[in-house]
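Order of writing sets the chain letters: A, B, C, D and E. Residues in each chain are counted from 1.
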C-alpha cells in the first residue's frame, strides 16, 4: 500500500482536473459523485497505508529530481512522497474528514450556481492537503502549504459577490502570507546551513528523530559566507543554538499564520464567510491543523531550542484562553465555533511547546472529528434556518433531532466531558503541561477549558433548547447531511479511545521508531479536575441561558468592560488596522506622492530646465544682427583674453 | 625680369587645379550661355552645372591617390586632404543643384543660381587646397560673397533679402576678423605661404607667441562665425530660415565643409605645433556648441530652424575629434581624427541635404515650414515620410544609418585619446536630440494630416535627390567599410 | 619710425570699424564700418610688409587683393541692401528683424 | 538549424517588408501574415530550445559575418565589428520568451482597428529587435537591435497609446535613449579595456595568441576573460557605467518614473511586448556583461546591487499599493520584481543567477498575462481604474479567473513559475545578504497586499461597472490565456524544463564571480 | 622727440595722418549729415592711403585713393541718398545708452588687448626696415602678381565677376 501513496493526493487532483475540464456543464450529482468517490478511494488507501505502517514501519522516501541548480545532491531539489507514522495518521484524518464533508456538501450546496466549481476547489484543496502531508522535504511541503492557502482563499471567497466574503478571503490570504514568509525564510536558512531540504537528512536518519543533528551542525555550512559586507550578518559566527532558535521561530511563524495563533489569529473568524463545509474541512479539521502538523514534523528542531519551545507553548496557551474568552460572547454561531477552533489549536500548540508530541497530535485528531462535526451541525442548522445569529434560533431539538444529537456529542467532546473524545486528548495536554512544570500554562489551559464548555453549551442551549424564534419550518437536510453527522458524531464520542492512558495505541503508533517528545503519565487527579472544569462550564451556560430569562444580559452588564472587550474580540482587528494597515496605506500614499511629485517631479524639472534652456537659446536669437555681432565681439574679447593669456602676455 | 623664369603652362595648372578649372570655367561658360538663352531654355543651365560638377568630380576621383602635386611657390597643393574635402563639396553641390532643380515652387530661384553656386563651389574647392594665406582668403571670400548672393536670391521675398543682409553683415565682420588675424600671421611668418610660415615659425613661437595667439584668436572667432560655433552661431537659424531651402542646404553642408577645411589646414599647419596649449579652447567650444545647438532646437516649431540648430550641434560633433587628439603625440591619431571628421562630413552631407530636400517639398505643399506641415505626412506621401524618418534617425545617430557610424567614429577618437568626457557630452547631447528629431517623426507618423489630405507629389528629380541621399545614408550605415578603408588609406597632407 | 605705431593705428581703426558696425543704425554706415575694419587689416599688412622680419612685397599684394575683394563685397552688400530697401522701404538695421526666435 | 538565430531575425523583418507592400485596406490579410511572421520564428525558437545542448558552455547556434573593421581604433589596433548571433543558457530562454510573448501580442493586436498595417509593421520590427537583442553575440549587433527596439516601441506607444501617449513615448524615448548611449559607452570601454589588457598580457607570456585586433565579440571576450583579468579599477568603472545603463533601462528606483507612465499610456499588445520582453533587456545586460565579463566589478558593487534591489522591491510594492490604475500597478509590481533579480545577481550565487533568469522568464510571462487580462476586461468595461471596477467574476468568469491566476502567480504562488523564481532568488540572496534579503521578503507580503487588494476590488464584490452585461473571453482571447497559464504552470510544476537549459551557464557565471 | 619718436618728416606725417584717420572715424560714428559723413569717410580712406605711402607702398596707396576714397566713397554716398528713408528713423538717437556702452566696452577690451600684445612684443629692428624698396613697388608687385599670385589673381577675377553679376541679379528691378 505504501507504494501507492502517490495515488492518495493524485485522485482528488484527477477529480479536480475532470471538473475543471468539464466546466459548468457537469451536473451536480455527477460532480459530487466523482469527487466523493475519489476521496473515498483515497480514504481506503489511507487506511491501507496506516495498516502498512503499523505493520512494517515507515518507508524510505521516494523522490524524483525536480530542479537542478548546482552540482551534487545539495544542488538538486527533489519531489516525491514519504510515509511515516505521522504522515499516515494525517492522511487518514484528512481523507476521512474530507470524504464526510464532501458528502455533506452534496446537500448543503445544492442548487448553487457554481456547484461544480465548489467541488473543484474542494478537490484541489484535498489534493494540496494530502500532498502537504506526504511531502518528504521542506520545499515541497512549503509548496503545498501555500497551495492549501490559495484553496482556502478561493473557498472563503467562494461567494465573491458578498463584499464581506471577498474581504475575508483577502484577509485570510494576506495574514497567513505573513506567516508563510517567516516559514520561507526559515526554510532557506535551514537549507543554507544544512544543504538539504529533506526532512530525513535535516534531522538525521528517520530512525533516530530525537538525536538533534542540528546541534552538531555548527559551524554552519554557509556556502557564500566569504563575502563580508556592511549588510552581512555573519551567522557563521553565531552560536549554533541561537541560529537554531531563530530558524525554529521562523518556522513557527509559519505555523502561527496557518493555525491562526495569536497574533495572527484574526483571519480565521472572518473566514467563516465561506460556505460552512469549507469551514468544517479547512478551517477546523485540516488546513488550520497543518501548523500543528508542521511543528510536529519539525519537532526535533523545536526540541533543540528551549526558547523556541517555550515560545510555542506560551503562544499556544495564550491563544487558547484568548480565543475561548472571545467565543463566550459572539452572536454568530459559526464565529463561536471558529474562535473555538483557534482556542483548540492553541491547546495543540501548547502541547507541542511543552514537548507533548503525542498529546498534540492526539488532540489534532480528536479535534478534527468533533470540530468538523460541530461545523457540519452548525451548517445543518444554518441550512435549515438560513441565519447564523444565535439569538434567532432556539428549540431546534424537535425540528432537527439528528443534528441536535450529534451536536450535543460534539459539544460534550469539546467540553472535555468523559468519555467523549475531547476529554482524553485535552486532559492529556493539561497533564503534560502540569507534569512538565508549566503551572501557569496549565492554569491557563484549565480556565480556557472552563470557557470552552461555557461557550459551546451557550450555543447549544440557545440553539436547540427553548422555543424556536423564527418563522420557518426547519427540517433535516437529508441523508447526505445526516450520514456525515452521524459518522462524525460516533467518532467524536468514541474517538478518544485510540489513546487513553490505559491503551496508548496512537502513542505507540506514532512512536514506533522510538520515543518522541514527552509522554505525560496518567494522572487521575488532574483528569478529575479537568472533567469538573468542563462540567462547571456547562453549568454556567445552563445557569445563564436556561434558568431565567435575561440573566445572561444582566451578567453581561455586570461584567461591563470585560464583556465589551470580549464581544469586540479585544479590539485586535481594530488595533491592527490602526498600527499596521493604516500606516502601510499611509506610507504607500506618501510614497506614491513622493513618486509622482518628488522623483518624477525632479525628472520633469530636469526636462523643464533643459527645455527652458532651449527657450533661452531661442530668445537669444533676437533677430537683430547687431546683437549677434555684439555677442560675437564679447566672444572675441573673451577669446582674445584667453589666447593672450595662453601666450603669456597677461 | 631676373626672377620671372617660372612660366605658367596651362598643363601645369590643369594638372594641379583641373577640377577647380572645370567648375569655375563651367560657371563662366554657363553665365555666358545663360545670357543668350531664351527664357524657355534657361532651365538647361542647372543641368549644365550638373554636367560641370560631374566632370569635375570625375577628374578629381581619377586623380585621387596620385602623388601630391604642388603648384608654384607653392600656393596650391593637391593632397588627399584637399581632395577628400573637394569630393564632399562636389557631391554636396551636385545634390544641392538637383534639389534646386526639383524645387520649382512658386517663388523659384532664378536660374542664375546655377553658376553662382558653381562659383561658390569653386571658392570652396580652392579653400580645400590652398596653402597660401591669399589663396585661402580669396577662396573664402569667393565662397562667402557668392553665398550672400545666393541667400538673397529670392528677390521678392523680404525674408530672403533679410537673410542675405544678416549673413552679409555678420559674414563680413567675420571675414574682417579672419583677415586681421591673418595679417598678424603674415607679419610674424614673413610670408603668405603656409609652408614657409610654418618653417619660419619654428623659432618664431618663442619671440612672437603673443602675436601668434592673438592671430589665432581672431581667426578662430572668424571661422567660428562662419561655421556657426556657439556663441558665434546666433545668425544661423535666421539666415537658414530666410534662405531658399536649397541654399540653406548648401550653407549647411558645403560652406561648413569648406570653412572646416580652412580651419583644419591653417590650424594643423601653423598653430598645430602648440596645440597642446590651446587645444582645450576647441574642446570647450565643441562642448558648448553641442549643448547649445541641441538644446536650442528643443522649443522650435519651424522645421528649418530645428535643422539649423541641429546643424549647429553637428558642428560641435565635427570639432570634437580635432579637440580630442590635441594631447596625442601620435601622428596616426591625427589621421584618425581627420578621417572621422571626413566620414562624419559625408554622413552629415547625405542626411542634411536629404532632410532639407524633404523639407523643401513639404514646405512647398503646405506653404509652411512649421512642424504642423509635417502632420500625417506618412499618409500624404509615404515615400517622403519614410525617407525623412531615415534622415532624422541618422541625425539622431541610430544604428544602420550613416549618422550612427559617424558619431561612433568620433566617439572612438575621443575614447582613444582618453577624452572620455567629450564622449560623454557627445552621447548626452545626442540623447537630448532625440526629443526634437522624434518630434518631427511623431508629427509625420502619429498625427493625422490637418486640412486637405491631398498626396504630396514629388517630382522625379526630387525623388532622385532624396533617394541618393537615402542611399548614401544607408550605405554608410550598413557598409561603412569601403569609405572607411579609403579614408584610412589616405595620406592627408602628403 | 617703428612698427608699433602702425599696428596701433590699425588696431584703433579696427576697433572704430567694429564699434560702428555694431551700433550704427544705417545699414550703409554699417557696411562702411566693415570696410574700415578691412582697411585696418590692410594697414597691418602693409606695415608688416615694410617692417617685418624679412620685408617683402607680399603684404602689399595681399592688401591689393583685399581692396579688390572689399570693393566686391561692398557692391554685393549695396545690392542686397537695395533689394531690401525696395521691399521694406527702410535702411535701418533694426528693421532687419522679420526672422527671429 | 545552425542559422536558426538568423532566421529569427530575418523572418519578422521580411514579413514587415511584405506587409509594407500590402494595401492598408487588406486588414485581414495583414493580420494573418503578421501573425504568421511572429509564429514561425516562435516555432523555430522553441525548436532551438528543444535542441539546446544542455552541457555545453560555448555559445550555441553561432552565426557570424564580419561587418566592418575600423583601423587604428585604439593603439593602432583595428576594431572588428561583426554581425553575430549565438545563445547560451541565459539568452536561450529569453529568446523563446520573446517568441511566445510576441506571438500572443500579435493575437491580442487583432483588436487593434486603427492603422492596422503600421501597427503590424512596428510590432514586427519590435519583435525582430527583441530577438536580436537576446540572440546577439557581438556587442555591436546587440546595440543595433537595442536601438531598433527603442524606435519601434516609441512608435507603438506614440500612435496606439492612451491619452498622454506623446508624453509617455517621449519619456520612454529619452530615458531609454540615455540608457542606450551609456550602454554603448560601456560596451566600447569594455572592448578597449580588454584589448589594452590583452596587449600588455601578450607582451608577457600570459596570453601567447592575443588577437591583434579589437573585438566586440562576446564569445571572444568570454574566452579572453578566462585568460586575462582586467584590472579591478577598470572593472569597477565599467561596471558602474553598465549599472547606470541597467538602472535606467530596467526602471529601477529612482530612474523608474518612465515605466508607469509608459504602461499607463500604451495599448495592451504593446504593454505585453514591453512588460513581457523588452523590460528584460536591462538585467540580461547586467548578467551578460556585468557578471560575465566584469566579475571583479560585480564583486565590488555586489552590496550596492543588493541595496538598490531591495529599495526597488519595497518602493515598487509600496507605490503599487497606492496605485489606482491597473497598468500602473503592474508597472510598479514589475519594478518590485526586478528588484529581486538585482538582489539575486548581487548575491553572486549560481542559484541566485539561475533564479534571476527564472524570474525574467516568469515575470515576462506573468506580466504579459496580467496585461492581457487587464486589457481584456478593459475592452469590455472601458476602464482600467481599480476603483471603477467590481464583481467582474459575475460577468467575466473566465477572464477574471485567469486574472486571478496571473495575480497569484505574481504573488509567488507555488505551482506557478513565480514561486520557484522567488525561491531561487532568495536562496541566493540569503546566502550573501541575509539581513537585506530578509528586508526584501517584505516585498512578498506587500505583493500579496496590493495584488489581492486590487483583485478584490476588481473581480469580487458587487458589480460596480457601468456595463453589466459583457461577453466573456472569445476564442482568440482564449489562446494567449491558455498558453501563458500553461507555461506558467509548466515552469512552476516542472522547473527543470527551464532549469536544464539555464543551470550550466548560471554555474559557469557564478564560478567566475566566485559564488 | 614726439611721443618717443625722433621728429622726422615721416613721424610728423604719421601723427597727422593718424589724427586724421581717427578723428574722421570718430566723426563718422557720430555725424548725421550725409555730406559730413562722406567727408569723414573720405578722410579715413585718404588717411589710410597716406599711411600706405609713408610705408613705402606707393602703389597700394594710389589704389586705395582710387578705389576707396574715390569709387567706394562715392558709391556709399549715392546709396545713402538713394535709400534715404522718409521715415526719419535716422533722427532717433543711435549708439546712445546701454547698447553703445556695452559695445564700447567689448570693443575696447579687444583693442586694448591688441595694443597690449603689440606693445609687449619685442619687434626686430631690421636694418633694411626704413627703406626696403629702392624703386617704385609697382614692378615688384607686378612681378609677384603674375608669378607668385597668378592663381589668386585669376580667382579674384572670378570673385569680381560673381559680385558683379550677383549684384546685378539682386538689385535689378523686376522686369515683368
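As a convention for this text, contacts are C-beta pairs under 8 Å (C-beta built on N, C-alpha and C of every residue); 3 or more make two chains touch, one makes a residue touch a chain.
What you see is a predicted model, and the numbers here were worked out from it, not measured in a lab.
Using the contact threshold fixed earlier, the set of chains in contact with both chain B and chain D is A. Ranked by C-beta contact pairs, the top interface belongs to chains C-E.
In this view the innermost chain, defined by its CA centroid being closest to the centroid of all protein CA atoms, is D.
Using mean Cα coordinates as chain centres, the one most removed from chain B is A.
Of all the chains, the one whose CA centre sits at the greatest distance from that of chain D is E. Centre-to-centre, using mean CA coordinates, chain A is 101 Å away from chain E. Centre-to-centre, using mean CA coordinates, chain D is 70 Å away from chain E.
Computed centre separation for the pair chain C/chain E is 7 angstrom, with centres defined by C-alpha atoms.
Annotation: 31 Å between the Cα-based centres of chain B and chain E.
Of all residues in chain C, those touching 2 or more other chains are 14, 17-18, 21-23, 27, 30-31, 42, 47, 52-54, 58, 61, 65, 69, 72-73, 76, 79-81, 83, 93-94, 96-100, listed in ascending order. Among the residues of chain A, those in touch with two or more other chains are 618, 621, 623, 625-626, 629-630, 633-634, 636, 640, 644, 647, 649.
Contact of a single residue of chain D with at least two other chains is seen at positions 174. Inter-chain contacts occur between A-B, A-C, A-D, A-E, B-C, B-D, B-E, C-E.
Remark: chain B residues 1, 3-4, 6, 8, 13, 17, 24, 27-28, 31, 71-73, 75-76, 110, 112, 115-116, 119-120, 122-123, 126, 132, 134-135, 138-139, 141-142, 145-146, 148-149, 152-153, 155-156, 164, 207-208, 210-211, 213-214 touch chain E in the complex. Remark: chain C residues 10, 14, 17-18, 21, 27, 30-31, 34, 37-38, 40-42, 44-45, 47-48, 52-54, 56, 58-59, 61-62, 65-66, 69, 72-73, 76-77, 79-81, 83-84, 87-88, 93, 96-100 touch chain B in the complex.
Interface residues of chain B, counted against chain A in their complex, comprise 165-166, 169-170, 173-174, 177, 209-210, 212-214, 216-218, 220-221, 224-225, 231-232, 234-235, 237-238, 277-278, 281, 292, 295-300, 309, 432.
By the touch criterion stated above, chain B contacts chain D in their complex at residues 332-333, 335-336, 378, 393, 398-400, 409, 411-412, 415-416, 423-424, 427-428, 430-432, 434-435, 438, 441-442, 445-446, 479-481, 484-485, 488.
By the touch criterion stated above, chain E contacts chain C in their complex at residues 5, 8, 10-11, 14, 18, 21-22, 25-26, 28-29, 37, 41, 44-45, 48, 51-52, 54-57, 59-60, 63-64, 67-68, 71-72, 75-76, 79-80, 82-85, 87, 89-90, 92, 94-95, 99-100, 103-104, 107-108, 110-111, 114-115, 118-119, 123-126, 128-130, 132-133, 137, 140-141, 144-145, 148-149, 152, 156, 159-160, 162-164, 166-168, 170-171.
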